[in-house]
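Chain lettering (A, B, C and D) follows the sequence in which the chains are written, and residue indices restart at 1 in each chain.
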Amino acid sequence: MEIKVGKQAIRDASDALKNWGRWGADDQIGTLNHVIAADIVAAASLIRTGKVFALGIPLDRGGPQTGLFGGRWNPIHTMLATGTDAVAGRQDIVPNIRYADDAINMPVQCATHWDSLGHIFYEEKMYNGFDARLVDCNGLGKLGIEHARHKMVGRGVLLDIARFKGVAHLDDGYGISNDELDRCAKAQKVEIRRGDFVIVRTGQMERCLAEKKWGGFAGGDAPGVKFENCYWCQEREIAAICSDTWGVEVRPNETTEANQPWHWVVIPAMGLTMGEMFYLKDLAEDCAADRVYEFFFCGPPLVITGGTGSPINPQAIK
Amino acid sequence: MEIKVGKQAIRDASDALKNWGRWGADDQIGTLNHVIAADIVAAASLIRTGKVFALGIPLDRGGPQTGLFGGRWNPIHTMLATGTDAVAGRQDIVPNIRYADDAINMPVQCATHWDSLGHIFYEEKMYNGFDARLVDCNGLGKLGIEHARHKMVGRGVLLDIARFKGVAHLDDGYGISNDELDRCAKAQKVEIRRGDFVIVRTGQMERCLAEKKWGGFAGGDAPGVKFENCYWCQEREIAAICSDTWGVEVRPNETTEANQPWHWVVIPAMGLTMGEMFYLKDLAEDCAADRVYEFFFCGPPLVITGGTGSPINPQAIK
Amino acid sequence: MEIKVGKQAIRDASDALKNWGRWGADDQIGTLNHVIAADIVAAASLIRTGKVFALGIPLDRGGPQTGLFGGRWNPIHTMLATGTDAVAGRQDIVPNIRYADDAINMPVQCATHWDSLGHIFYEEKMYNGFDARLVDCNGLGKLGIEHARHKMVGRGVLLDIARFKGVAHLDDGYGISNDELDRCAKAQKVEIRRGDFVIVRTGQMERCLAEKKWGGFAGGDAPGVKFENCYWCQEREIAAICSDTWGVEVRPNETTEANQPWHWVVIPAMGLTMGEMFYLKDLAEDCAADRVYEFFFCGPPLVITGGTGSPINPQAIK
Amino acid sequence: MEIKVGKQAIRDASDALKNWGRWGADDQIGTLNHVIAADIVAAASLIRTGKVFALGIPLDRGGPQTGLFGGRWNPIHTMLATGTDAVAGRQDIVPNIRYADDAINMPVQCATHWDSLGHIFYEEKMYNGFDARLVDCNGLGKLGIEHARHKMVGRGVLLDIARFKGVAHLDDGYGISNDELDRCAKAQKVEIRRGDFVIVRTGQMERCLAEKKWGGFAGGDAPGVKFENCYWCQEREIAAICSDTWGVEVRPNETTEANQPWHWVVIPAMGLTMGEMFYLKDLAEDCAADRVYEFFFCGPPLVITGGTGSPINPQAIK
């Protein structure tokens, strides 16, 4: 597709791809409706070896945030009770059990996570036409991640674009076209189907992990899908799109008129679920080895009432 | 079994049931080793209807903590960006995307969660003989929940003790015997097997939800398994035991010599994974309706480095 | 005064008492302008015995919040390094200093605190006419507490209404009239002057402390000043008004048309600084003993950029 | 003095300077005992112009922490209610008051702060001989900052070493000798007396502020007092020592045998109160202008129960 990306293209795509009302006026899960029960049963048959891949990155102070976007911070993990306390005898009267306990404080989108459908607005609206002002300091009055608490299950497909192109990682700023997604799928001999959880590997995260530097990752430039991808997702009727980058789409963006123009369309107009910062190294190596790029996918979000998303540790099971 | 529960019984059970070294000197996942790949493949065949049950309770200020144990608090969910900001035009220059964002701050064990194997000590030791002092303010130097990041998958079995006894909920203080677990399984026509994720329903959480009162739930009295259950779990070689209560075992405890005596044994001696505060109402009703008490289970923890556990939203898939 | 408290009275008082522009279009400290340098010098002469009274209550999990207002929680104090860690040798290599460290997480208004002038809005406006929408998720774009960082110094006066009336504490719902404030001052032989930090003692906090129960304190009913007090504060040209209750004004409020009607006027119209939950027992006993109800007052806020207030530990020095 | 700094020197100084028992076996405030009531009265006479200087730096995400020490983070300020919510009408039913509210989450020592006497241990002991293991995950069982809640008042003296040496700022690694402190005081015509709050200006913070870069500040190298300073503080019987650096003493330290060797002595042996990261630019300029280097000092800590210190905004009043 040839699209001059900008505010007009955003408007055109929003009009063309809008799923408002498609699943009822009260729908709060959007494209996750593409998954039907039979798909889950069918996906179960993809579990053939019992291998499980954890796609979540560690939640700790060494996380990917470096201050570039939204005041997000890395997970702060603090202890409420320790073994040193226990051995020092500090727990022997009250509570009379030797134990450790702890807490975690984190932006829900600071590491591997789902975006909920209330994460991005277009003008004054959210997906399905809900008023953006229903999202206030008390959380998301509509479209919170809790609505998807049992909906992140189905067929997963990895599109390993980096490997398809024969590189360790795509460069920042590299835009993945719809055609390239299709060619990659074909080369991998895997079909994209209605209700799929499509996971796009760029290799960017692995580059950062290898370099032991997150600088420029979260909030910065990245390889990713081009704006035109919104049409691809809609046509394929996928359930969700995920990647190993912080925001799925290519950065620098294809326009300066809008920050993250693809987001402006896929969340508020389409109601597309998005997964970000997935750890894909082990899964991708396994897929390359056995040439099987489809699997059972289960990535339950925490039930954060009114959350804009959830930290997750999705599982790909083959 | 007839056990006089107390410190001696704890010592005896610890000696009898100790799994230290069973899976190697470096093992950090204990009874999760009971699950082998073939079990996961077999469990996949239990996905027959595509129904998915979310077993996590909501994470918000209305959570189950009421100050009874360990200084735990309910999840604090705060917004970092809102739709009201967006519509007020506060985001149009920087960051030039209309969006919502948020953070969550919570003890990892304040709601539905896994305990990691470093959560409970016996004297100066953790599971597998690790020194408890490896758990300091920097987190769990050994046995953190991250080691189980891809291990919470397998066959799930619900033992609906409340329904088996014909009551809406067991009373606080009611101790479930090993024999009763077996009789329930038999009545449900379900077999407990090596590597199972066994989920025990007492109905206590549903009583609290119906009463809209958590008072006395987290940290307080509860129905639950008797101390003797540690022998049952070891013999059955289950992967994990879970319940709809805050601590699985019966309270008031069967002794005053130790707080949570069953915990003293199953975590540090056996390395048994434990899941707590599971929401079981919908799953239990479905099992009662179709008389199928086994299912595919997938309950991935967040990858909290050095965590004593993780908040979760486990999925039971039938 | 005879005022029928309600929305009309709020509007009338706002019009009558508005200090917008009085200290310039850019003013961000309101009635703190009433304190001039000479007042501080004069107040220094009130330091005659060297006695110092700390007016802050402890910041810990035993604090006054019980969930009644605004989702506020009690201070969460967590350790980042402990003596048990130190003695266990866990710090001897890195960082090679034996130490304790910790963090605190709290709503700025959860215990003894100042309100900043951006804490309350009237319709769409803040004090001095600033647009309320300047207060977004990034904090207070105007009127944050940082502007008062060196302004909370001057003459303090205690009006011990409870003692004046011969009771240990005023009952919840008791409204203190302007006339009563004047009669109390007269009985105490203390004059209220321009630029004073006036501290009103109701005894409510001491009742809660004696009963060891905060239930109903923060966010609940209370003795306090009547709505008419806004006129009194304006006429006296005081710098600030403080009390030992959570909100200074009487509750239940004198109207159901507005929650905290006095707040609607004194902050957005007048720009009056307000101090809440001051611990007054020791100071009041000393004043009763030496019959001196004036003192040097120094209550510096933390410099929380864009804060709606600050936790404080104000000092009364005699 | 000629001291070969290292573990032996630490031991020698600890023995020589130990104040354990000096103010009773239960004493928890150490050198703050040097301030007597008459000192406060005398200090009041230093208030001659009514000028007030706030010595606290802003608490926000732009704070001085850059990850170098102890896992400390910059203050996280989050909103619980906003003006954008208010204007959007989101507060008009409940709570029926238009308002803003917020919370702050910060290590108590991340910005301008006091150290409490339980912050540093020597071997297994704290100041006054208390067992370090009294500091566990529940906080400081002894020597918490709450004991000083009304003790941070007295005579303040600025020693402006940078200006004395005619430089904008001392270089990192520059060690200030006892002799230099004395010569500076003499040049400034100010006497150091028993009970003083001595504030040492290096200019390092002002350099960072001018460069708009905190990199290397908190946790890194710095100008500061030499190890020998512990003898000076003890002899002068000062109440507290403060500076515009993160740790008062020179870094790189004068030894590699211990991290922060001066800390090892002054806190656990002497019980010296320490103030760090004071903002001194405005105060120093004023002192240079009027040649008056003494003032009334009031720096109340928050009453953080069991805190290793407190964030503060100390006031110097002239």
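The rule is simple: contacts are C-beta pairs under 8 Å (C-beta built on N, C-alpha and C of every residue); 3 or more make two chains touch, one makes a residue touch a chain.
From a predicted model like this one, the values you see are computed outputs, not experimental measurements.
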item: A-C or A-B, whichever has more C-beta pairs in contact; value: A-B
item: Proportion of interface numbers common to chain A and chain D (over half same, under half different); value: same
item: Candidate from B-C, B-D or A-B with the same interface as C-D, over half of contact pairs in common; value: A-B
item: Euclidean distance of C-alpha centroids - chain A vs chain C, Å; value: 45
item: Distance from the mean Cα position of chain B to that of chain A, given in whole angstrom; value: 26
item: In chain A, residues with contacts to at least two other chains; value: 71, 73, 78-82, 84-85, 87-88, 90, 103, 105, 133, 136-138
item: Contact graph of the chains (line, ring, star, complete, other); value: complete
item: Residues of chain A defined as touching chain C within the complex; value: 71, 78-80, 82, 84-85, 87-88, 90, 103, 105, 137-138
item: Residue ranges of chain C in contact with chain D within the complex; value: 36-41, 43-45, 47-54, 56-60, 62, 69-73, 75, 77-84, 86-87, 95-109, 112, 118-124, 126, 131-140, 146, 149-151, 153, 258-260, 263-264, 296, 298-308, 311-315, 317
